[in-house]
Amino acid sequence: MLFGISWNLDGGNWLFAWSILPILLRGLLVTVQAAALGFVVAAILGLLLAALKGAQSRWVSWPAKALSEFIRDTPLLVQLFFLYYVLPDYGIVLPAFLTGALALGIQYSAYTSEVYRAGLESVLKGQAEAARALDLTPLRIFAVIVLPQAIPRIIPALGNYLVSIMKDVPVLSVVSVLEMLNVAKIIGDRSFNYLIPLSMVGALYLVLTLASSAGVRYLDNRLPKQGLPLR
Amino acid sequence: MNEPIIKLEKVVKRFGDTTVLNELDFEVQPGEKVTIIGPSGSGKSTVLRILMTLEGIDSGMIYVAGQPLWHEYKNDALVPAGEAHLRNMRKHMGMVFQQFNLFPHMTVRRNITEAPVHVLGLSKHEARQRAEEYLELVGLADQADKFPRQLSGGQQQRVAIARALAMRPRIMLFDEPTSALDPELVGEVLSVIQRLSQEHDLTMLLVTHEMQFAQQISDRVCFFDKGVIVEQGTPETLFANPVEPRTREFLKGVTLEATVEQDA
Amino acid sequence: MNEPIIKLEKVVKRFGDTTVLNELDFEVQPGEKVTIIGPSGSGKSTVLRILMTLEGIDSGMIYVAGQPLWHEYKNDALVPAGEAHLRNMRKHMGMVFQQFNLFPHMTVRRNITEAPVHVLGLSKHEARQRAEEYLELVGLADQADKFPRQLSGGQQQRVAIARALAMRPRIMLFDEPTSALDPELVGEVLSVIQRLSQEHDLTMLLVTHEMQFAQQISDRVCFFDKGVIVEQGTPETLFANPVEPRTREFLKGVTLEATVEQDA
Amino acid sequence: MEWLDYLPPLMKGAWVTVQLAVYSTVLGGIFSFAFGMGKLASNRALRAFSIAVIEFFRGTSLLVQLFWLYFALPLLGQSLGVDLRLPPVLAGVLALSLNIGAYGAEVVRGALQAVPREQTEAAQALDFTPRQILWRIRLPQAVPEMMPSFGNLAVQNLKDTALVSLVGLSDLAFRAEQIRNITQDNTTIYTLLLLMYFGMALVLTLCMKLLERSVGRWRSGGT
Amino acid sequence: ATLQQIKDKGVVRIAIANEIPYGYSGLDGKAKGIGPDVAQQVMKQLGVKKIEWSTTGFSSLIPGLKAHRFDMVAAEMAILPQRCQQVLFSDPNSSYGEGLLVAKGNPDKLHSFEQFSQGQAKVAIMAGADQLEMLQALGVPQSNILTIASNADAISTVSTGRASAYAATSLTVSQLAGKSPRVEAASDFSDPVVHGQPVRSWGAFAFAKDSQELRDAFNAELAKFKSTPAWRKIMAQYGFSDADMKASFDKKESQLCAQ
């Protein structure tokens, strides 16, 4: 019995696998939810970090760059432990799921901030210069020239990080988030059969990431390479 | 002689350690068509980019239409120009880049109307009429609804010229406008520029490697080397009788072709 | 007339739907210097690339030095050539590309010795001697230890010529060897090629846009259009009296420049 | 307890982490080239195999792979009658290196494909064999291209070593957990831990930069 | 492995689960606790001098034994019938009751496991520990159970309110309570009653199924050692009461497995 769902250990491997599938799928749901929330956090924090890193004042941009480097160079696992065990010492208590999503978001904000930066910079320098030669205002240059051309490059890159985030969700199991791997592990602890649940998790992951990668590719192909068209 | 419309006084420009413009003095009269030639890296593009305010200067003074370009008067003191002043000064000039730099996500028409509507404050309707007028001028009236990548390089460059003209600048800057084009496409762009050069109001400053073309359209040719003007004069005198050794050296490769031609 | 060293018979080459070479017949005699001119996309490069076996053909036959190039005899039957046969055939030819294509991670000397050592099996010492000899020929004996990026475009192209020559090919293919060069650098490469053209053993096939140069060095000029030879002849006759309307049309743009020059 | 007292056990763990990182980076580098070149091979079976490995390890979670190798593989071995009990170190190094190997393979492939086709053609025109072209022309030019990505992967790998603490390898993260078990001094321990990983990453980055410079000398024009 | 194989190699591999006071590793990395201390003595008597300790999650102990990643577990794992199907146990080394770790002042007034079968209060347990079976037998719904990875996480979990209490053995609870002023052992704790009997656990050493001969040899020496004052000293040092010590003699492995 787990989560009110019982499994069949005696009927052979296939029956066992079949009986634990619903339990794993509930774990999968948690995995996807955690990844989605983490992604939203990463997308927003990343934008903030990118803005700070690109700030005119060195007093802003330098610490932002250092922070970004620090986040990027330390393991998700340790960051997660830090958030989960240290923050409560200072009165900030978040449930495990939220802590996990936050940790994912923070870790990936360092990466997404680079996506924004690269996306904006890839809009050739020449484009901004041509716009400046036409005397367009900086705001208008950003909104009408740079952004529409950067977005089709940014979105697929962000999408790829969503896939990466999904693959990092199992780390949240260490703070007892019941995502797919944790569920499989618990089933294994109880049934002493790790082979089947863990293999199923691997297979489910393969399906999940191949499907979402295909989704990102589809999006990438659909987005107009030269920018969102303006008539 | 009139008051010059462009005047550079002892302009110095450095990139890191290299001095690209070395106390450059340079004047252009209103309506004059001036061609700049010179070896790669001699600072030709830099002059245009500074005039277009895409690049700052390290010292010296520049006047455009009688006003300082990179400085402004505040309480009677000359201070580095603010963005508002620069934007005002930029209105005098239009620029055509080597790589066209059209906005790839906008139709040809939108490329041309964008600035008139949002900078000059024209109505959409007026801007469209103006776009049509200049597309006509460059011979592309029927291409207004295409996107840049659907056009050939020569067509793209002509759109870029129309885009700059639509701002009605008094000065047009061309930075090697044909050097990114396949040889067969060069002609169409040159002929558009040639037509423009016959308009006497327009001041033109043109960097090019097309010597024959320079000869045809310019009132004056300036030979740049290492950030200074080595020699200048009418095309006839400069090409036929270059005085400075460096000019001769540079023009040797060029006239070689011509010599061979005359053998034929 | 001798047996031709290069012979194309009804060669057809397609890329997808477009037919690039359309039943092309073409012969080159040993020691002949042939220039190919023609508009962009007419298939000039394709001919050279097919001869260099960088591109296959769809039908027709090609003979180089009397042997079929893209076919070989197996049990007396003509079958598509295997890699071994192609490698043998390639030994007859050397090619110089528009973009030089030097190996950027090797010194100039190494660029030249690499193939003689590893393909021809020369000793390091022999290969170095040979490299020196050809560097001397192209006037770069003192640059052997530099990397390509430390050289100017013209120097790089001369190294590329030395590299191809070091394999001692009987046929040299040049695909627009100066069109990626700044105008001032064109001369030095052309003069090296001109010197080579005086060597009577070497068969040369040259695609170029430098008409005056073509005129000077070639025994025969071929005008290509849409994958066929429209017209060919000695430079004197072809340039002075083109018969075909397409040839005239093409040469018009060329002589325009010359006309401008003569105005001066 | 003072934070200084934590240092000796943490340093012991750090040493394990360093060893793990070095082994798995080196092995991962080898896998990168093997699978990356495999993916471009003309042999169809080799290509399919490389693609399958790359997709598999990129498509699943590292922690899942690690748990699978550690917990599930022995059971699979049992049912097949083979001894597949990998020691934790081996399971860890294998999972880590296969993982960066899969990512690195894409780097290798990308860099090889980024070598301009003209280089191959020039070499062909000089009559090099395909093998010579790969080893003498394309690879030497591709390697400097790969270095920045390999640098990132090496840091990623260093971070990922923390996960092996979950299968009982006494690396840095594991030692920290042990200390916390005794002292419950969360703030000090995790702060130290973050700083130590950061320090190691900085050193690693520096090493990769030096390596990058030495393999790419011809690009900066030096001799 | 057989005793002879171990003697030949000269080293025995023993696993612990990092639980104070049953088996944990100190700051110096050396294993401590009643399991390791007793095992060390018994191994000496058996003539094995060197021990290779490995620390792993509690839930990895049985899988590790089954995979022969180590020869023996010294984590005072409770002898339970379903575990007997997976591994071999020695005779009991210790006996212990249950306890609850709660936040300081016991704000939720928790005194027994049964209280979690109703209401919203959550109880934390360690992954793989036998408290899960007890709680399930008492009708505690899954939604009220939070699984944590190790004992070390318990203080944080309880003091931050992520769970109202941590269910563990009384000794674990009192050890943890001593470490932080923010938690305490629930007072007036009443042992859970399952199938009409108050729960008491007997902790023992565990071996792989095929190590019968090793287990038997170990049993013999363990019995000898348990009759010495040295054993009592170890037990007392880690907080075992006289009653607990006495209770450890009450049952044999065969009885516990047969239940």
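Labels A, B, C, D and E are assigned to the chains in the order they are written; within every chain, residues are numbered from 1.
Note that a residue touches a chain if its C-beta (ideal position, glycine included) is under 8 Å from a C-beta of that chain, and two chains touch if they have at least 3 such contacts.
Keep in mind it's a predicted model, so treat the numbers as computed, not measured.
Trainee: Looking at the contacts, which chains touch chain A and chain E alike?
Mentor: A chain counts here if it touches both chain A and chain E, which gives D.
Trainee: Could you find the chain whose CA centre sits the greatest distance from that of chain C?
Mentor: Chain centre farthest from chain C's centre: E.
Trainee: Please find the two chains that have the most C-beta pairs touching each other.
Mentor: Chains joined by the most C-beta contact pairs: A-D.
Trainee: Report, in whole Å, the distance between the mean C-alpha point of chain A and the mean C-alpha point of chain C.
Mentor: For chain A versus chain C, the centre distance works out to 54 Å.
Trainee: Where the CA atoms of chain A average out and where those of chain D average out, how many Å apart are those spots?
Mentor: 21
Trainee: If you average the CA atoms of chain B and of chain C, how far apart do the two points sit, in angstrom?
Mentor: So the centre of chain B lies 38 Å away from the centre of chain C.
Trainee: Scan chain D for residues touching two or more other chains and write them down.
Mentor: In chain D, residues 71, 75, 166, 180, 186 touch at least two other chains, as defined above.
Trainee: Using the touch rule from the top of the page, what residues of chain B touch 2 or more other chains?
Mentor: none
Trainee: Of all residues in chain E, which are in touch with two or more distinct other chains?
Mentor: Chain E, residues with two or more chain partners: 63, 66, 156.
Trainee: Using the touch rule from the top of the page, what pairs of chains touch, sorted by label?
Mentor: Taking the chains two at a time, the touching pairs are A-B, A-D, A-E, B-C, C-D, D-E.
Trainee: Write out the stretch or stretches of chain E touching chain D in their complex.
Mentor: 18, 20, 24-29, 54-57, 60, 63, 66-69, 150-152, 155-156, 179-180
Trainee: Would you mind writing out the residues of chain D in touch with chain A in their complex?
Mentor: Against chain A, chain D makes touches at 55-56, 58-65, 67-68, 71-72, 75-76, 79, 155, 159-163, 165-166, 173, 176, 180, 186-187, 190-191, 193-194, 197-198, 201-202, 205.
Trainee: If we count contacts the way the header does, which residues on chain D are in touch with chain C in the complex?
Mentor: Those in contact with chain C are residues 116, 118-119, 121-130, 132, 136-137, 140-141, 218-219, 221, 223.
Trainee: Considering only the defined contacts, which chain A positions touch chain B in the complex?
Mentor: The contact residues of chain A facing chain B are 124, 126-127, 129-138, 140, 144-145, 148-149, 224, 226-231.
Trainee: In the complex of these two chains, what residues of chain E are touching chain A?
Mentor: Contact set of chain E toward chain A: 59, 62-63, 66, 86, 127-128, 136, 142, 146-149, 153, 156, 159-162.
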